[in-house]
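Encoded as structure tokens, here's the structure I'll be asking about.
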Amino acid sequence: MMDAPLLPLFILLTSLLAAPILFALPERAARLRTAINLGMAALKVALVGWLSIKVSQGVIYDLRFEMLPGLEFKLQADPLAILFIALSAVLWLITTIYSVGYLEHGPHRARFFGFFSLCVAATVGIALSGNLFTFLLFYELLTLATYPLVIHRGTAEALRAGRIYLIYTLAGGLVLLLGTLGLWVLAGTTDFVPGGVLADVVAENRLAAQLLFVVLIGALGVKAALVPFHRWLPIAMVAPAPVSALLHAVAVVKAGAFGIMRVVYEVFGIETAQTLGMTAPLAALAGVTIIYGSIRAITQDDIKKRLAYSTVSQVSYITLGVALASPIAAVGALAHLIHQGLMKITMFMAAGNLAEGLGVKRVSQMDGVGRAMPGTMLAFTLAALGMIGLPPLAGFVSKWYLAQGGLQADQVWVIALLLGSSLLNAIYFLPMLHRAWFRDAAPEGTGAPGRPRIGWMLAAPPVTTAVLVLVAGSFANAPFSPLEWTRFIVAIEYQE
Amino acid sequence: MTDPLVIFDLLLALAIVALAAASLSVRDLFSMIVLFIIFGLLSALAWVRLSAPDVALAEAAIGTGVTGALLLKTLHHLRFASGTLGQKAAYGVTPVAPVPMAVIMTNAVFCGLITLGLVVAFLGAPAAGPGFDPLVAEAMPQSGVEHPVTGVLLNFRSYDTLMEVVVLLAAVVAVWQIERGLSEAPAPAMGEVWQGFARLALPAIVVVGTYLLWVGAEAPGGAFQGGAVLAAVGLLLLLTRAYVPQPAHRGIARGAFVLGTAAFALVALLVASGGRVAFEYPLDHAKTLILLIEGMVTISIAVTLAALFHGREPVALAKGDRNDT
Amino acid sequence: MSVEISPMILSVFVPLFGAIAAFVLPRAAALIGFATLVLTSGAVAWLARDVLAAGAVGLPLGGWGAPLGIDLRADGLSVAMLALTSVVGFLVSIAALDSLKGPEQARQRQYFWPLWLLLLTGMNGVYLSTDIFNLYVMIEVIALAAVGLTVLSGSRAALQAGLDYMYASIFGALLFLMGVGFVYLQLGRLDFAGLTGAAPTGALIAALALIFVGLALKTALFPLHFWLPAAHANATAPASALLSGLVVKAALYVVLRLAQYMPFPSENLLTLVGLMGAGAVIWGGVQALRAERLKLLVAWSTVAQIGLIFVAFARAGEVGLSESWKAAALLILAHGIAKAAMFLAAGRIKDEIGHDVIRDLDRTPIRPTLAQFTFALAAISLIGLPPSLGFIGKWSLMEGAMAAGYWHWVGVTMAGTLLSVAYFSRVFAGFLRFDRVRAPVGEHQGWALADAAPLTLALMAIGLGLLAAPVLSFIEIGYPFGVAP
Amino acid sequence: MTPDLIYGLTGVAVFGIGLVGALSAQDRLRRVLALKLCSVGAGFLLVVGAWREPPAAPDPVPHALVITGIVVMVSATAVALALIRRLQTLEATDER
């Protein structure tokens, strides 16, 4: 097999170059647009597969380009990057199919798919960033690319949500800029290096390092929707369903969580972060977010809002796993990055199908929808049960490792937290399932009688991802499963 | 023992400052301009006392003469436009709220402080400090002219002078752009007596202007002063309606405006050969080239100043066209 | 006998001859204008090659040499400014071809070219000058041509704004001239080299103050910005782009250049300049938030951005100019390109929709998509989001300030960034809201060739950020600024 | 008491008077005049700087600069006055 040192760049370009083409295509060239979309997405999956094989063989990819004296634009493909990039590539392909179906007759498709591509390009860039500076570039690009998607409907409500989204994320980006600058000034490098780059600085200037930690985590916490920076996420759910799916599963919140991983593991280094005494507060904050998100989710009647609060809660599992500073918890955190993505995207696509096919947007309208859309609701059910943590589904695996990690780190409260959270998950998900399967549709309700008409492009994606949820959980120990790959990563980050 | 000239200087200085203050505070605009013209002439006199006859000539001819004419012409136009042409004293022609006394006082105090600072700075500066005089004295033999000011203007710092002519060109382009069409205001016409005077005076002025240009190489005078005096010819021609600008004459006028700049710049470029750089006139031809440039520049200055006085581009208007199209 | 000419003198003379030709032959003005721009760009490229090969180059005009004569000098920074002027000027000219194409604009078209080429002459002259009196004359060439361009449309609002601009411009020039007088009184010479190392006596401090205030007036530094918003907002779009993108930069460049030779006598004065910049950032931002018209908003954003450049100038480094000038220079280049793009885009939007009231941008089914996209791209650079050149400039500014421990100046920069997000997002909301229109809104409306120039500029503003390292090393050529030559 | 001292102070004073006028004047024409006064003040300063105790000849360079300044100022004045005239015409038309 030929060796391509530019492979990471090609992966980035598949979506980055697709964007201007998609922008320029006339609105009516729907077939060509779909062909480009799907072609590029499939190409990306193939390239990512190739890259991951190469990386597992120990090939090192490192592309650098000097932007300012000493300051490099740097792409690198390490196992952690592969984990995230694989998630985004696979889910992009699935979401693209879904979006094509969802927007079949909608307006502004050229714009939508252009920004959609840019959004994925930004996510890939975030995954491949070899230093915090490059990360910052793509992090801001992600903000800019998602804003037009959030306000895609162009209504007053969408614009209000967009404004809040923009204020939160750009302010977060600005703080990240401050943090990146601080890192650059303090350490003279912004490179991601397993074990961190700040060990020397910490010895000299503990307070500055602590401050830097707070600034960086705070900045990333905006996108990761950590309490108290989570407010934008439930509001941003006015976006079209595929956008919400992507935002919640791969792009925005995951970028934040992924950034927290990079910062804790490869900027500070887990030991340094512990020495600074910063991991315990972070774990506590994650714990608060997990409980808070779940409690707020219970009272939401709007399906997408309930799912959004659920995301607030679930994404913080990742932060929790990172902050526990135990290798086993780290495995759980990384696995959850994937598992949560699979589960949440399933649920948002299912929710989109309910809205499209039946006009059902509220939990109170869900009576009997299982009979009307069995496939969609089966997928939804699998994902919801996974979220609750039912074995052998994917969510169970993450929670299991997190709990073990808590024990390993002598943090018994984590067990209680996980149990409590699972209980809350059950409280807000089970009634939805109950309504869907065990209640009859209200006679004059909004649920349309007869078969709702949704195409295969809408029906198939959630089912596919639901199957993946099942597979990722059942075959967790198989080679190339997310879990196995995360063990590989953790060995690197903990320098074992 | 006081030098009597010092008393003269003091009195002149006082008069200049008083006239400056008076011209700004007098309410009638016509009086304002008249006071300004006297102020300008006295300033020119002061500059003669400071052994700067070239500057004095330029200030009298351009700074005071042409500027005064421009101001008077504008005042005439404004009074016509605001319908106060016939009134004896129009205090202001711009409809504005009166400035509160407090504002004026604050400004005065503020500017007073600045002026005080400048006075202190001036007193602290070395009197008759270092200057260019030794350098100029050394370089004069190579300049091709005998009069140092002309040497500076047209040789040592000829780049500045070229750009100064460009400023004049930019001004006339801008003025033609701004004002368009025919004015509704009747041109301020001169009485019969003055017309007769003008006919007699014109040839004399032309002679004086040409003389000023010619002596510029050796004695005070030169292109700018000469041009200004020749512009006076233009002003008189326009005022006596002996010449009325026609749309058909625009091409010639444009040519005349750019003549000085173009000739100056071309000469400056073309001398750059055989190891010489731009603006470096070969010594043998320096005087000829400088006179050529001066002559062209004088024509341009004269025509440009007259055009600035006339104001608008002479555009042929279709029937029923308003002048603001 | 062959004529030997230097690219430096050509950079000034070619636009001058072009202006003359365009004025004398009004019917061929556009053709002459384009030929001139191409030739001028060629001269600048030639000069850039010389500077790359030999470092800073000089030319003693008339062979006399400073201080008696006037020298021209080109180093990396000068050539960067010349290149900015050429590139932005060329693209704005292309846009002008379209926006002045109507029969009712024949007169504007006829005068646009000579005025613009005279303006180019003046600006190129400023960037090559090494003599403060010569700078005064050049600044006046710029001023008269710029006022002429401001009032090109002939509307009453434009004329009023142009008159205020004229007053401010003359006033600034006279303060500058008075400062030149004081320099002469003290030093007896006017070239830059003569200023170097002069002890700060009373006369020189007075000169510095007068010159700085004069230039601040010309470049519209808060609180001397009063003339700018109306002038830039009421001019026709290509003129606005030239005024906001290029003209204010000339005075800014002179500030930067002179500060090298006439260092501020006290740190406190530099802090004062920084404070004025901070005031501009805040006040300009607040006014942009309140502006009702798109072009006025863009003009107020210029006030804020100029302030940011002054913050960089004053406080982007511990050791004064030796560090901070680079941040200021990068921001000047970034703003020049992005603001020209933005004004052209705003003009296109106004042309297509028929008005530029921000509140009603979403009340029309007409969406000039490409112009709006261009506007957004330019905004990205002006806000300072990566990877634009504006981002690199802001990064340099904040890096320098942070390394020097000037945390409050970092704060000012961040506040300015947030304000710019806030005021630009008002515009985006107008672009992207659709529920106030009855008629169906189609995509890709109002695509026109006229969008090509602003789009190119906006893409440059974004893309040049990736080339910041070469740009930075270029502007350092032959330019000591405290660094060992 | 030498002429340069007397006229130097005169120049600064005239500049200051022009400054007050430029800031306070509301009448458009008067403001132009105030600016012209400022320029004369600056001219005084340069001419004074060039002056040498007779019989020494003065420095010709500042003289040349002042002449340049005078021409530049008349150009600027002409443009400002043209703007004023045009504006007044438009205002008068609007009022009618």
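Letters A, B, C and D mark the chains as written, and numbering starts fresh at 1 in each.
Simple rule for what comes next: a residue touches a chain if its C-beta (ideal position, glycine included) is under 8 Å from a C-beta of that chain, and two chains touch if they have at least 3 such contacts.
Fair warning: this is a prediction, and the values are worked out from it, not measured in the lab.
Counting only chains that touch, the fewest steps needed to get from chain A to chain D is 2.
The busiest chain interface, judged by C-beta pairs in contact, is B-D. Work out the mean CA point of chain C and of chain D, and you get 28 Å between them.
The distance from the centre of chain B to the centre of chain D, each centre being the mean of the chain's C-alpha atoms, comes to 11 Å. One inter-chain figure worth recording: chain A and chain C are separated by 43 Å, centre to centre, where each centre is the mean of the chain's CA atoms.
Computed from the mean C-alpha positions, the centre of chain B lies at a distance of 31 Å from the centre of chain C. Shared interface positions of chain C, defined as residues touching 2 or more other chains, are 68, 133, 137, 140, 144, 147-148, 151, 154, 159, 178, 182, 184-185, 188. Shown for chain D are the residues in touch with two or more other chains, namely 15, 18, 28, 39, 45, 48-49, 59, 61-62, 65, 68, 72-73, 75-76, 79, 83-84, 86, 90-91.
For chain A, residues touching at least two other chains: there are none. Pairwise, the chains that make contact are A-C, B-C, B-D, C-D. The residues of chain B lying in touch with chain D in their complex are 2, 5-6, 9-10, 13, 16-17, 20-21, 23-24, 29, 32-33, 36, 39-40, 43, 46-47, 49-52, 54-55, 58-59, 62-63, 66-67, 70-71, 73-75, 77-78, 81-83, 92-94, 96-99, 103-104, 107-108, 110-112, 114-115, 118-119, 122, 127-129, 131-133, 136, 148-149, 151-153, 156-157, 160-161, 164, 167-168, 170-172, 174-175, 178-179, 183-184, 224, 301, 305, 308, 311, 322-324.
Those residues of chain D whose C-beta lies close enough to touch chain C in the complex are 15, 18, 22, 28, 31, 35, 38-39, 41-42, 45-46, 48-49, 59, 61-62, 65, 68-69, 72-73, 75-76, 79-80, 83-84, 86-87, 90-91, 94.
Chain D contributes residues 1-10, 12-21, 23-30, 32-34, 36-37, 39-40, 43-45, 47-54, 56-68, 70-79, 81-86, 88-93 to its touches with chain B in the complex. Chain contact summary for the complex, chain C toward chain D: residues 68, 133, 136-137, 140, 143-144, 147-148, 151, 154, 156, 159-160, 162-163, 166-167, 169-171, 173-174, 177-178, 180-182, 184-185, 188.
The touching residues of chain C, when paired with chain B in their complex, are 1-6, 9, 13, 16-17, 19-20, 23-24, 59-64, 67-70, 107, 111, 114-115, 118, 121-122, 125, 131, 133-134, 137-138, 140-141, 144-145, 147-148, 151-152, 154, 159, 178, 182, 184-189, 201-203, 205-207, 209.
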